[in-house]
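Everything below concerns the one structure shown next.
The letters A, B, C and D name the chains in turn, as written, and every chain counts its residues from 1.
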Amino acid sequence: MSKTKINRRNFLKVLGLGGAGAALAGCDMPSYVTLEEGEEKIYSYLAPEEYVIPGVGVWYASTCLQCPAACGTHGRVREGRVLKLEGNPNTAVNAGKLCQMGQAALQAHFNPDRITEPLINGQPASWDDALALINEKATKNVAWMTGAISGHQRVLLDAHLAATGKGRHYAVETINARAWTDAGKAVLSDAMPTLHLDKAEAVLSLGADMLGTWISPVTFMGQYGQFRAAPRGVLMAVEPAMSLTGANADQWVAAKPGTEAAVALGVGHLLMTKHGLSLNSMPNATSAFQSMTPARVQDIAGVSEAALNKIADTLASRKPSLVVANASHAAARVAMALNIMLGNVGKTLTPGASIVADPLAPIMGSTKDLAEFAQNADAGKIDAVFITGANPAFIAPQGLNMAAALKAVGFKVALATCHDETTKVCDVVLPLSSALEDWGTHVPAYGGKPGVVHLQQPLMEPLHAETRGLGDILLTLGKSAGVDGLEAFEDYYGYLRTAVSAMIGSEQEGDWQRVLQAGQFEAPAQDHAFSTGSDVALGFSENADAGLHLVTVARQGLYDGRHANSSWLQEAPDQITKAVWDSWAEMHPKTAADFGLKDGDYVSLTTQGGAITTRIFTYKGVHPKAVCVPMGRGHTDYGRWASNGVNPLTIVDAHLGDWQSSEVLATATPVKISAVGENRHLVRLMDTDQQHGRKLVATISAQQFGRTQGGA
Amino acid sequence: MSDQKHLTQEQTKDIDENIAWASINADVLRSMENPRRGYWVAMAVSVCLFGIMIYAEVYQYMYGMGAALLNTSHMWDLYISTFVFWIGMSHSGTLLSAILHLVHADWRKPIYRFAEAMTTFSLMTAGIFPVIHLGRVWNFYWVMPYMTDRGLWPNFRSPLIWDAFAITAYLTSSVLFLYIGMIPDLAICRDNAKGWRKTLYSWLSLGWRGDDRQWRNFRFTYLMIACFLIPLAVSVHSIVSMDFAMSIMPGWHVTTFPPYFVAGALYSGCAAIITLFILLRYFFKFEHYMTFPILDKVCKLTFVIAMVWTYLNLVEFASVWYGHDIPSKEVLIAKATGPYSPFFWGMMTFGSVLPFSLLFKWVRRNMYVLFFASIFLNVGMWLERWMIVTPTLSLGYHPQAFNVMWPGWTEWAMVGGSFGWFGMLFLIFVKVFPCVSMYEVKEMVFHRKRTIYDDVDEMMTLHSGVPGPKAQTQNSGGA
Amino acid sequence: MSSLLGNIFKGWSDYSKGNEEGGHHNYEHMYAMVIDLDKCTGCNACSTACYAENNLATVGEEYFGARQAMHWMRIERYFDEPNLEKAGSEADADTQSHGASFLPMMCQHCNAAPCEPVCPVAATYHTPDGLNAQIYNRCIGSRYCANNCPFRVRYFNFYDHQETAWPAPMEQQLNPDISVRSKGVMEKCTFCIQRTRAASNTAKNEGRAIRDGEIQTACQQTCPTSAILFGDLLDETSAVHQAWKRHQVQLGRYTQNKENPELRGYRIFEELNVDTKVLYLERVREV
Amino acid sequence: MAGSSKKTVAKTRRVLGLFGDFDQAFEVIAGIRRYQVPGLTVDDVTLKSPIEHPEIEDVLGERPTDIPKFAFWGGLFGLVFGFFFLAGAQATFLVQPQGGKPVITIPSNVVLAYEMMILFGVLTTLAGFIIGARLMRRSSGLYDTAISVDQIGIVIEVSDKQYQPLTDLFKKHNVIEMHEEALS
């Protein structure tokens, strides 16, 4: 431990230099004493650490790990404390911007419920004991379960797996773009094509919450800003319940849960029949389009012909356009086909960039991995599992019966910063440094310049002496597992620096400093071209069930629940309902009326999987056949702020597989609703949703906008 | 006092002019002696209420203003409305004493003393509320007009500062008015008291000897201060109304507020006078002085003011209704139909309908009915103040302000406690100071007697040379 | 005495001169904002950034429900579009066909701020930078200012939030450039005055004027769609000045006479003549 | 009393007579007016009464009072001082909240100056009262508690040879009782 301490001091010195350089680079903000009263908890200016400039905030570049997007950040450090995060203006991913989750990374770091020491069976233990136990138990059939992961952590992880035998790496994310990437692979042989909202004249989203949680929201919001500038693009959204993207759409269409594909096919049908477009290269697709008449759409998805026509007309008249989908594999494939039909490929849909050093490439998580982990665990194929960056006990749909699966695994190690449902059931818990205390490299899965790698550097000394970085632990594990070539490095910083120097092809201190300041570096990348759309079969999952369906959506904020321990995000009102600190079920007023329910009524939602009880909120942004319950709330062991609300995933039946994929579909679980009889006011930002005739948000028609060019 | 007829409800004379001056002294001085059980009970109740108020204030001080359940929409609530209520109460004394003094209505003389005392104590009660409603009560003195070491003054533009000035001036003036009017009586007390009371009254009576010089200066002084007090009283409550009228909030930004508030103040003041009148008459056996005819006059006065108040109320509604300010109209409609509507209609009933009962003579002459009537009139006036503050804040220009809020327990405790505090002060007053002005009752008796007998003399000497009763009662000047 | 009289006359002349200029006084700067409601996605990033930058306390569900939250920058969401003439079919549609309307609402820093004259102790006043400032030390918590604010953007510390909002080690995140407010004090958006001051100090040290864009408020800096503009309205070259000019909105007026009424710029509650310094650009929808 | 002090010799004693009602007291004063006691004028008379008799001037003659002057000047001072105090404060208080208003706002200052006018007016009136009525000083002259009940007293300082006629005058108008004290 002492050795690593010394090393920390060393690299923090280095870091100080880097910071000074950053200061020269002009992105520092000197502090000063305001007229307002001083904060009594400021550290004394006496005898500061040698790398601290008293009273002067210095900005260091790092990377945000709040969601898989891996935005670049600048952290303001003063007196050795990180005070504020901003986006790194140099990165292509987020261009100096951050979302609320990125802002709240501070609270993930300073969280009062951090794990401060290793635990064995819940009892405090020393690192040596913990590591000894791990070396003893984790010998064969070792598995790793992580969230989305990339960069050198992934390299070390793979190396560890390779060394410990035929283990496997499960990357799990409930909120993922698996449908889109699969479709991309299947149709264009490109999992992650680059999208250009800013160039598009019209965008149709089939359940892809680009502005909220999809792939890289900050990237898309940045493009959205330009998309809305004159000439103004038109945004259309088809989804069962209103997402942040839908809330910003010019045309929002409610589709019955799980039928977005049918709607998309209907749009294609109109484009062919009404607007004379064709898709000769894909006969299968063509037939699928032709068979989906608006009338069928009407009774499959409950979308009116008028709405369908409007979408088709807009897409046909405004070019280039863009169709994105994440509702289901079917929808994603149709979206790809539509893009080809509309001639968007090459204009608003260009080949994605990949980096040469493939081992660093990002692994985007999926619930498919989650399901497979459950199967394999049940089958006894996993003896030991290392879990980090994921909370399977919370995010697994009830249908997967994750509790039993985890029980079936003999030895479980959690590498975590905070206690959660998973660490509760793990044999060994290793205290992880927070993202702001750790080193790492991250390859943005989307939006980065070709071959760009984001560097994560510590923004302050660890709050808790006993925590260690993920890289350091991986390195230690790798060494003890006998991975070659690791002995040379006494800590992850050393490893990383060597590796990065190799990638940028320079051992120079100055180059390393430049990388630190930039927070990113570019590895040689190679572009690759699309395949001309391979003629995949298009279909859709017809959902005959006429009853209500449970829709579990994710909202930017608590996300999949990993941010529920942030009081800022708990108190940041949900974008759509403006509710805070609790769960709710969104229902269409008509549906609520049918059940004799009103706002604030507690209802019990029952599926085969179980039942949850929460309050309803009625508005017209839900399909009458849908009951929408956002994820992220209802933790049982996640600190002082996370226990409010319910977790809808606990009643989601995961065995409803999507059409032609094993990806778990969490949007179409039949649900029964019954009033509990209790009513309590849902705590929201405002009690009214109307402007009451005040001119607060004024709305003008696009025609006027066109005439004035938006005042530009 | 040969017959007791004048004590009954059929009494027609304001006062029996044959009452002996000595007995006036005796009766009033008796009222200041050895309290009976009822007094101690009343005192105990008042002290308890006040104790609860202290506890609530300490709790709120430790916990924060959130204890009162105030929120971003309702920054003000019962504290301010009760403040306005007590300021209103304080207007009665001045009205009766000063105005009636100027118009030489001598029936004021037996009852103005306790009315002025009420003015003073209501003000002392009202003064509590602006202080306890401060978020940082320990800094309340920052509103005083002095320059801090950082060159800061209070903001003289703020109606709250106007309040501070007005209330200071009003409290000072009304205390002096009460005190100066009391000096001759204090001399009487001095002449009859023993022990500590003797010392006290000797100091307070400033060596009053009843010289013609003293009486002459006294007359002018009293007149002058009365002249000062009437415009002051009017200005005080119009300034209080400006706390609301000067804001831009719909429902507060109303031009007719100043007269409306003044009318309301006089109204609640008169009602309170009726209440105390009845209590004093009942407990202190003041039947000879606080007579039904006087009560009758007060009731009529109350009715007139009630009608003025009602009229101004309707004017306000009408001006909002026919105006085009939608938010104000929303507030008005919400008052009548929203969650606070029961209290609104309660206010209208007690404030505008109930006064009509005063048109019936049997009501004006029935102490018991009248007592409860006067209580409910004041309940109505308290509701009025609450309806001005809270329903308005429950709406507003921005929908963020829309919120219905009910007062927390600390607020109710403070409201109750304020009555305890007032009661305490008043109970102490009636035992330490004469609550009926002896010398002025004597003047009243004296004048009435003279006028009557002069008329009779004229008649008799006109018709026959026989000397009139005046000659006969030559030696019965007093005893 | 002479200086006193001098001050009196100076005050008068400043006032009359200021009136002709449309403002009310002569300012060194006049910081103002432009918010494009068509770009705003209502994602809350600005609000959370404000919590991080300005030491805003989180109050928890109970107090939030009691309307005692401290969100200086709040994103309001409305479902109706009062002044958008809809096609007949949509008017009575039973679906939220145009999405929702989002409104970032923070202190509008009115030039004729209704909160200022009513404060009994002058705890809120106008700085030479044209900011509506709140002096926490001076505030005694009469809460008149909040009653008189038509936007309801002043927030009162009904409790001491230190222990609950920043349990150790969270207090280490507190921004030392500004205070943590204690109970009984009014607070509100300051246009990130600490950043303004820092920039002006830097400029002074380097002996130059403040550059446009040098000062970024926390909300502006983080806004993913760059919907927020901040700058000095007196600086002819600043983007904010240009935007106000383009949209033909002037300070010191309660009705704007625009040559082109279709320009999107408008100020909320302009008719109250409080002279706000936040220019909103209308949201746009396909009809 | 200047009128009398010229011709009279040194006063030796002070006499107080108590009477049953005003009429009798007035008769006595009338007698003095008619010089039934040599060397005494009505100006030497001090009348002590339990109430203020309206026609007292008719009997004792006009005796001026300064109260209204006190009130007027006090009020005026309050008004002027009030306004300039406020104006001065506002003019030196340069960070004061403007809220779009001028530095020195007439409406608010008028309101406040008005209050100060009344406050000072009342205070000076009180001062005038205490001075004019010779209160708060060791009181000279005989006094009887009966005066505070229902009897009217007349106090006159007399020389030895005026004493007898005065007592006669008192007795003639059936004085109830008489007190006297020697003047040192």
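The criterion applied here is as follows: a residue touches a chain if its C-beta (ideal position, glycine included) is under 8 Å from a C-beta of that chain, and two chains touch if they have at least 3 such contacts.
Small disclaimer: the values here were computed from a predicted structure and weren't measured.
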Farthest chain from chain C, going by the mean of C-alpha atoms per chain?
D
Central chain, going by Cα centroids?
C
The pair of chains with the most residue-pair contacts is A-C
Taking the mean of the C-alpha atoms as each chain's centre, how many Å separate chain A from chain D?
92
Indicate the whole-number Å distance between the mean C-alpha point of chain A and the mean C-alpha point of chain C.
32
Could you please state the distance in Å, as a whole number, between where the Cα atoms of chain B are centred and where those of chain C are centred?
46
Whole-Å gap separating chain A and chain B, where each centre is the average of the chain's CA atoms:
69
Indicate the residues of chain D shared as contacts by at least two other chains.
90, 92-93, 95-97, 99, 101
Among the residues of chain C, which are close enough to touch at least two other chains?
69, 74, 76, 114, 117, 119, 122, 269
Residues within chain B bordering two or more other chains
152-153, 155, 157, 161, 397-400, 403
Spell out the residues on chain B that touch chain C in their complex, using ranges where they run on.
63-66, 69-76, 130, 133-137, 139-140, 142-143, 152-155, 157-161, 164, 243, 246-249, 393, 396-401, 403, 405
Going by the contact rule set out above, which residues of chain A touch chain B in the complex?
686-688, 690-694, 696
Touching residues of chain B toward chain A in the complex: what are they?
326, 330, 397-400, 402-403
Provide the residue numbers of chain A that touch chain C in the complex, in ascending order.
29-32, 34-39, 41-42, 78-79, 81-87, 94, 96-100, 102-104, 106-107, 110-112, 211-212, 217-218, 221-222, 224-225, 228-229, 232, 234, 237, 242, 244, 246-254, 306, 314, 463, 556-557, 567-573, 575-576, 578, 580-582, 588-590, 619-621, 640, 644, 681, 683, 685-686, 689-691, 693-705, 707-708, 710-712
Residues on chain C engaged by chain B in the complex (per definition of touch)
63, 66-69, 74, 76, 105, 114, 117-122, 138-144, 146-148, 150-152, 154-160, 183-186, 269, 272, 274
